[in-house]
């Protein structure tokens, strides 16, 4: 592993070649893990995930806004039950990425999620910003979150989605120490790939996300940051459907990130419902948790 | 009530558990007050509200822009009359939340609103930011606004919508002191619920708002904040209609926040008009003021 | 005129009543000047305007971006000719508001605009921000601009649109000194009205603008301000058409602000073209310059 | 060439006339180079370009975000191959503007681009901001980039698109020293024109860009800058098609800027694909590299 050589007073256009090469190679997409065929001879894979941030978004920012905190509670009180009801009705397994503080606030929610056959993955302690932490603090929070989820759900998580997809320089190293099966925070491909660190294989499967396939990008509302839900819900459905259709065409993975406090509204649930109807109308789609997709992808790796 | 223990130099991810639990529990959604059935055996309830901010948005910011002040006057001069004419024609009662300064500038407007059978509720003194005030100042302004509205309209208001839905740590305490029937500023549910403070019942009904059901979110224009009216009016109609349709399906409440200086334009009034036509085509919709909805919700509370 | 009493260290919610009343009454909409009928017995009036900012937007900001300056040149090189060709073909008179620096850079453009029967109105010196100037400087620039336009076009302008609709505390006073017929920068109504200053009539006609009826709001692009042309051109056409349709219904004024460097593109000119086609399909629409609309409105004033 | 006379402490509205004239005339559109007819008697010209920024956007900003770096890798790993496959299938030549650092990171990509008949043009060293550099540094980076691209592709580039279309006061001077055939960063027209510097001809062809004809404007995502992909993909197709249709009508140039890490997604490639289908349905459209368009435009120049 190359030593860090931070050229503190150089502008990027003054960096020596080894500097930008080192940065580019720190964490990198390696071998593609798109299988020849998916389990059961299915044509493509669908992995739905829900990031159960609830109150932690506001707590992470200092917890001063009672309004935003009530919005967080909505995720637990209305969002998750609506989503679980739809998944139950359509018999689709999904993955919930849950900050440990969410799990401690709402342990019954997590137990119901598990009981209905879904997966729970790591999503930080309180939705903290990894890249603002020291490596030591980041490690401690991931480990504490791991213990908390294990204790509450009775099952050890095998995958991580970093909060806000904020992947620090230390994240991959810590994930390797923890022996995780997969990460789902990066976006170098549409289909699963193996993560490399400083040019060496890690054995960790990346299930890539994309802002395109995320409900919050289109619908978020932040009074102070000029963010508004400016995209038509029908347009969001159109985008998600096109992403799926092409994944189906290519035989790849369609991975969709949602949030109970974003998609779980009366005027938005139809997006997920119509998308599911569209996908289930096809005979050869494999619906799976992230873990099961990662396990199948990992089976493609040479040993 | 737990004592305040502000861990001033701790980051949120360093907080002890009691700290984030205390913040989460400060103001909380308690018991759901969605009734088994609405008055007259109706299937769902519709509560339309109009926040008559008029010139106070600009005054609150210092009152320097003559252009924005003329925009405020539009609310009184064109917006409210258009809205009242439509409500009159369709025979729908509504609630107007009015800052005291608006009421003092336009007392005739308020008297007409009352005379035509609508409700007037509290909306701060000059559209101030509650969370920037001391508890003492906030209390004084709410009480002064209460007296002003009572004097001008002849009726004491029973509900409050905080300006900008900005609910301070002191707001609920003051509302309890004032003996209000309801608040309409928070968003932990789609349907009415009872507010809890530090884990104890308050008897106050929350009629929840949502940025999704607010015209300003989609249409606001702020030259200096990169906010633009980027949503198609037809899309806004589509969103509001979906919100209503699902409320009707569930037998819940459809509450919509509008502003005379936002919706009251030639190219936007059709949204409200078509929405009303759509809702009135159904036989079993209960149109009511916020007060009447809150009274019915309150009747669901155990004593 | 009430003396200025700037309560410098008071927050707006602490202001005495006379303070916010003074601010609100400084410049105010007085009597409505919507006529019983428009000239020739027409049902409604249409006033199209084009703000020929060209290079001045960038010059006003310091003139450092060569890219934005080339965008400005587009207004003169492509935008105005396209617009003039369309107006010629459809025989519609319009008003061009022209900063004096634009007129000095492109005097031939202004002479062609006049020769084809359109009006040229004041639009500042270099698109300066009025509210950042002293009254003395603002006056000097308006007067210098008046002389410049008069000299280049051979006709004295009778109306002003303030740059960026930025109306300073001194603007109305200066307009009265200059004896202008009309202003077109404020937005307290959809239809013409008389401007009042500190409660007294001014005899000046306001032809109100609105961000809704402005092409730049939807299409502006500012790399550093997160502004992007996020509205579909077909949506902009829909909005403008709805504004016109309701004006026609009410017998009012439809006033539309455009910019040669915004509307004058291959993918946007259809908006104006289809709008004109739609309006000209009706027999009783009066197309007029701002001056002619203002003259007719002024005839409604009692003397 | 007029001497620089920076009136440092004057506001723009105080500048003497020679100051704003000097700024306006620094770089200017001269003679239009739209030909009477295009090669082979074609009616209009289509020039597609792809800016292969890949990882350089993030490196230029300091290279700290591993997430954004993975997004950059997507451009090489997925975006470019998808684009090349489509161009191959439809037999359309295009131009790729490539920062030198991208070329060094992915030399095979560049060699494949060349081998399949496309052009590679200059796009800075590491996507640096030209206007933040000294003239000396800017020159050195352009020359180094020229050498790098020549070495990797075996062909000397003849045109430049400045990174972010950021054209510094020195850029044109340096382009003249380098003897470039064309630039493609400015926007004073829809069709090719000759660049003038301080009023004198340069012989350099400008192939004008426009934010309207750029995929990133509509689809960019920047978590910290409130930029979101708020435009419907179907709207982007509509805009691009209207731009082309009018270019075809006028017999002009349709130039479109895209980015492999923006357009190269499953839900967006249909835009380019349907656009190509639409254009290829017409018999008399000339598809060409920027170089070939510039050569034909240059042939219109008087000597």
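Note that the chains take the letters A, B, C and D in the order they are written out, and that residue 1 is the start of every chain.
The rule is short, and it goes like this: a residue touches a chain if its C-beta (ideal position, glycine included) is under 8 Å from a C-beta of that chain, and two chains touch if they have at least 3 such contacts.
Because the structure is predicted, anything quoted here is derived from the model rather than measured.
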item	value
Least step count from chain A to chain C, where 1 means the two chains touch	2
Same or different contact residues where chain C meets its copy chain B, judged by the half mark	different
For chain A paired with chain D, centre-to-centre distance based on mean C-alpha positions, whole Å	35
Approximate Å spacing (C-alpha centroids) for the pair chain B, chain D	49
Shared-contact residues (touching 2 or more other chains) in chain A	226, 230, 232
Interchain contacts (touch definition) - all pairs	A-B, A-D, B-C, C-D
In the complex with chain A, residue positions of chain B that touch it	11-13, 15, 17, 20-21, 23-24, 26-29, 131, 164-169, 171, 185-190, 208, 210-212, 217-218, 220, 225-227, 230-232, 235, 238-240, 242-243, 245-247, 250
Sites on chain A touched by chain B in the complex	55, 59-67, 69-71, 73-74, 77-78, 101, 104-105, 125-126, 128, 133, 137, 141, 221, 223, 226, 228-230, 232-234, 265-270
